[in-house]
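See structure below.
Letters A, B and C mark the chains as written, and numbering starts fresh at 1 in each.
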Amino acid sequence: MAKTPGRAVFEFLDERFLLSDIITFGRKKMVPEHRQSFWYFFGGICLFLTGIQVATGLLLLLYYTPHVDFAHESVQFIMSQVKFGWLIRSVHSWTANILIGVIFVHMFSTFFLKAYRKPRELTWMTGFFLLVMFMAFGFSGYLLPWNELSYFATRVGTDIAGSLPLIGKWLKTVILGGPDVSQATLSRFFWFHVALLPLAALAFIGLHVLLVQTLGMSKPVGVREKREIPFFPDFLLKDAVGWTLILVLVGVLCVFLPWEVGPKADPFAPTPLGIKPEWYFTFMFTTLKIVPPHILGVEGEMLAILGFLAGGLLWLLVPFLDRRAARDERSPVFTWAGLAVALYIIVMTVLTYTVPKL
Amino acid sequence: MKRRNFVNLFLGGSLLATVAAFLYPVVRYLLPAKQASAAQQKVTAAKVGELPPNSAKSFRFGSSVAVLVNTAEGQLVALSAVCTHLTCTVRFESDTATLFCPCHNGRFDLGGNVLSGPPPAPLETYRVEVAGEDIVVSRKS
Amino acid sequence: MPMKKPFSRLVAAAALFAPLVVFGQKNSCLECHDQLEDELKAPVTAFKGDIHGQFNLSCVDCHGGNPAEDDVDRAKDRTFKGAPKRTQVPQFCGGCHSDGAYMRRYNPGLRVDQLDQFWTSRHGQLLKGGDSKAAVCTDCHGVHGIQTAKFPKSTTFPWNIPQTCARCHADAEYMKGYKIPTDQIAEYQQSVHAQALLVKKDLSAPACNDCHGNHGAFPPEVSSVASVCRQCHLSAGELFARSPHKKAFDELGAGECEACHGNHKILKPSTAMIGTDDPAVCAQCHEQGSRGFAAAAEIRTALDGFEGAFQDVEGLLALAEQKGVEVSDAKFKLLDVTTILVGVKNLTHGLDVAEIRKSVGEGETALAGVRAAGEKALEEARFRRQGLVVATVCLAFLAVALALKVRQMSRQRKST
């Protein structure tokens, strides 16, 4: 019985990396199958899309220059001169938005399925930090092309950070690297986007995935279904079908709606009318716009910002607050609260784009 | 057996095709393009000695037109050639040593200042440096 | 009739100064009239914003009288001049405004020839002939609330001038008997000049006074229309001046630029103005078979060809851009062609067919380069769509293959 070349390679690696042991461990991992198990795919989709971002980001890094005199020009160059530059850049921009959307879906699905309950509290918390990190990825990346929209969106966004009580001014200066959006800001945001955040995200993704692998998939409260399928390769193959379909979507978007370069940022130009941050920030942005100027003598905007911070903290600590879920009991109060939050985010986001002069 | 082999073959084949379809653009992307790098804010407008005194040459600067003038005294100046009235392209007039806009008679001196006519603002001036054989124009700020 | 140096003014000044020492700057004119109504109160209200007031000139400086006196009869002393009659307004204002030495004290840069100019104007001539309906200083500048022409709300600020002239010139009732049209302002408002001045607020665009003159307002003579227009449109004027049309139009009494472009309702010109078919005007003078007729047809053909090609390429770039391809480089090169196109259209004033053809040739050469870039861009758009199809097909196969594999595996597990 001659060994196939594949077998020979495997045995070579196995002796050195102890692959067989890893494979045996991997085969043990099972994924429950029930009516809601469709939601399990979203975690893998997040990971897949992150992989695309890393790959396309790495490629963009080859031609991008993070200096105010060259940033816009280098993006223009990528879009017009570099072979398939338009594709790499458009994939990066579109996937960024899709990824953040999928993260929200993943977060809310795990919330409603109460997957955060004991012993998965840390999975939830690392996940929430990852959401914040990816929104920071979006915010920092948005400035890098140095076009009109990105310059002013950054200004507006950091102005909001600057209005926090006590630490606001200091925080804004630290984020911007100075009093205004300038070269210092571009360098800083570039550093956030390609160094600091990727390392932090890698660490937290590592923790998050490790926890998922160690603890297995959570089953919703009250599900008695015992059916399971192996993670490797069955679940993964199913996940891969989803990934393939998403790739088709991204491809269509990039060919028919390539991301625009826009006019170069001019700090002396007046702020364009109707300037907004990217869609995933708009629910907070619109809240600040419609909140009344004063509530019980306190500045309305500040109260709203503090409200968001407090809300975020509560959201982070949900696994510890939801006692009933921790006892594997139904907790409708938290379900309703989650629905209210989801509805609020959706309504505020839609309002931003449908109501004129907001 | 045959069925299983077919499925594996189909999977392997389509995976290979997909990978190839993705690898092709990435490889093309990585190979350097003909134009070495992005349009720069430093432009070689002309070669030393190319312009006789009291003459000018227009060239592309960023996304608009600029003009390089070699004055009668042999000094090199570069300015935006976009008239500040209605964006027509100004041209150098050697007998008056001014920049003239043919659309509505706007006239600028070689410092960019408006001498007469409708333009409401001066022309932006650029920095000129001689680097060996090249006359390089860049933004001032 | 030059104004005699107002000796009475010295008396008024003396009468004014004496009480000033004791009572401060008393102005009984303003005080009294402020308590009256309607037309008698109006001057007080208006004077608050008057430029003469800003130079500490007041009622007495124009009307005489004694502002220190509260009693109306004593205030209206011998020096009191009252309101001048319409026909005497020019001399009234000119009394100060034509006096160089006097005006120097207030504004050394201000001209002092307005009155002289006024007598050369149509308004001045009519007035001299006894027609009091003609415009005098106050009709345009206002009476008591006079503001400098540099102030945007002034009746004589460039973008307010059409309205100021329209007060008479657009009033058909008022203008009855003068045998000139009353639709000039309405026509002007449809013009590119009005669009520039009144809408875009471009102060370099002409209002009535830029072509007709300010104080010496008069319609330009036929042979000087081109001189008026070329104040701004220099190259068109120069080309016209060296063309065969200059002599011909002047002899015919046709108003040079006006013959084709109109005088008040000057619209954006188009190539349709040249040629042998309506609405071109060439055929009005040039009969079929004549040299002029042939030239007109030739010029039009050349222009249309070039402009048509330009619009084609513009459309090509727009299409490529809409399909997602970056065309900023090509658009930049198109700017050069735009400059040539504008230049070619201007060259038509010179009527030199050879010159026009040469310029069109240059333009079409430049355009060819842009067209090539545009077509390359469209090709790129096609390539991208083709690539998408290939990638989607591969991915579709992959998705199917994965699904089959999953099904196979789950069947296998069930059977084992």
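One rule holds for everything that comes next: contacts are C-beta pairs under 8 Å (C-beta built on N, C-alpha and C of every residue); 3 or more make two chains touch, one makes a residue touch a chain.
Just so we're clear, the structure is a prediction, and the values are computed from it rather than from any experiment.
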Completion exercise
Most central chain, judged by mean Cα position vs. mean of all protein Cα atoms, is B
Exercise for the section: Please state whether B-C or A-B has more C-beta contact pairs across its interface. Expected result: B-C
Handout entry: Whole-Å gap separating chain A and chain C, where each centre is the average of the chain's CA atoms
Key = 55
Problem - Whole-Å gap separating chain A and chain B, where each centre is the average of the chain's CA atoms - result: 38
Completion exercise
Each of the following residues of chain C touches two or more other chains, namely 328, 387, 391, 395, 398, 402, 405
Handout entry: Touching two or more other chains - residues of chain A
Key = 76, 87, 244
Fill in the blank from the handout: In chain B, the residues touching two or more other chains are 18, 25
Problem - Interfacial residue positions of chain C with respect to chain A in the complex - result: 324-326, 328-329, 384-385, 387-388, 391-392, 395-396, 398-399, 402-403, 405-406, 409-410, 413
Handout entry: chain B - residues contacting chain A, complex
Key = 18, 25-26, 28-31, 33, 35, 37-41, 139
Handout entry: Residue numbers on chain A that touch chain C, as the complex places them
Key = 76, 79-80, 86-87, 229, 233-234, 237-238, 240-241, 244-245, 247-248, 251-252, 255-258, 261
Practice task
Note which residues of chain B are touching chain C in the complex, please.
Solution key: 3-4, 7-8, 10-11, 13-15, 17-18, 21-22, 25, 60, 63-65, 85, 88-89, 102-105, 117-120
Exercise for the section: Would you pull the chain A residues touching chain B in the complex into a rising list? Expected result: 59, 62-63, 65, 69-70, 73-74, 76-77, 81-85, 87-88, 244
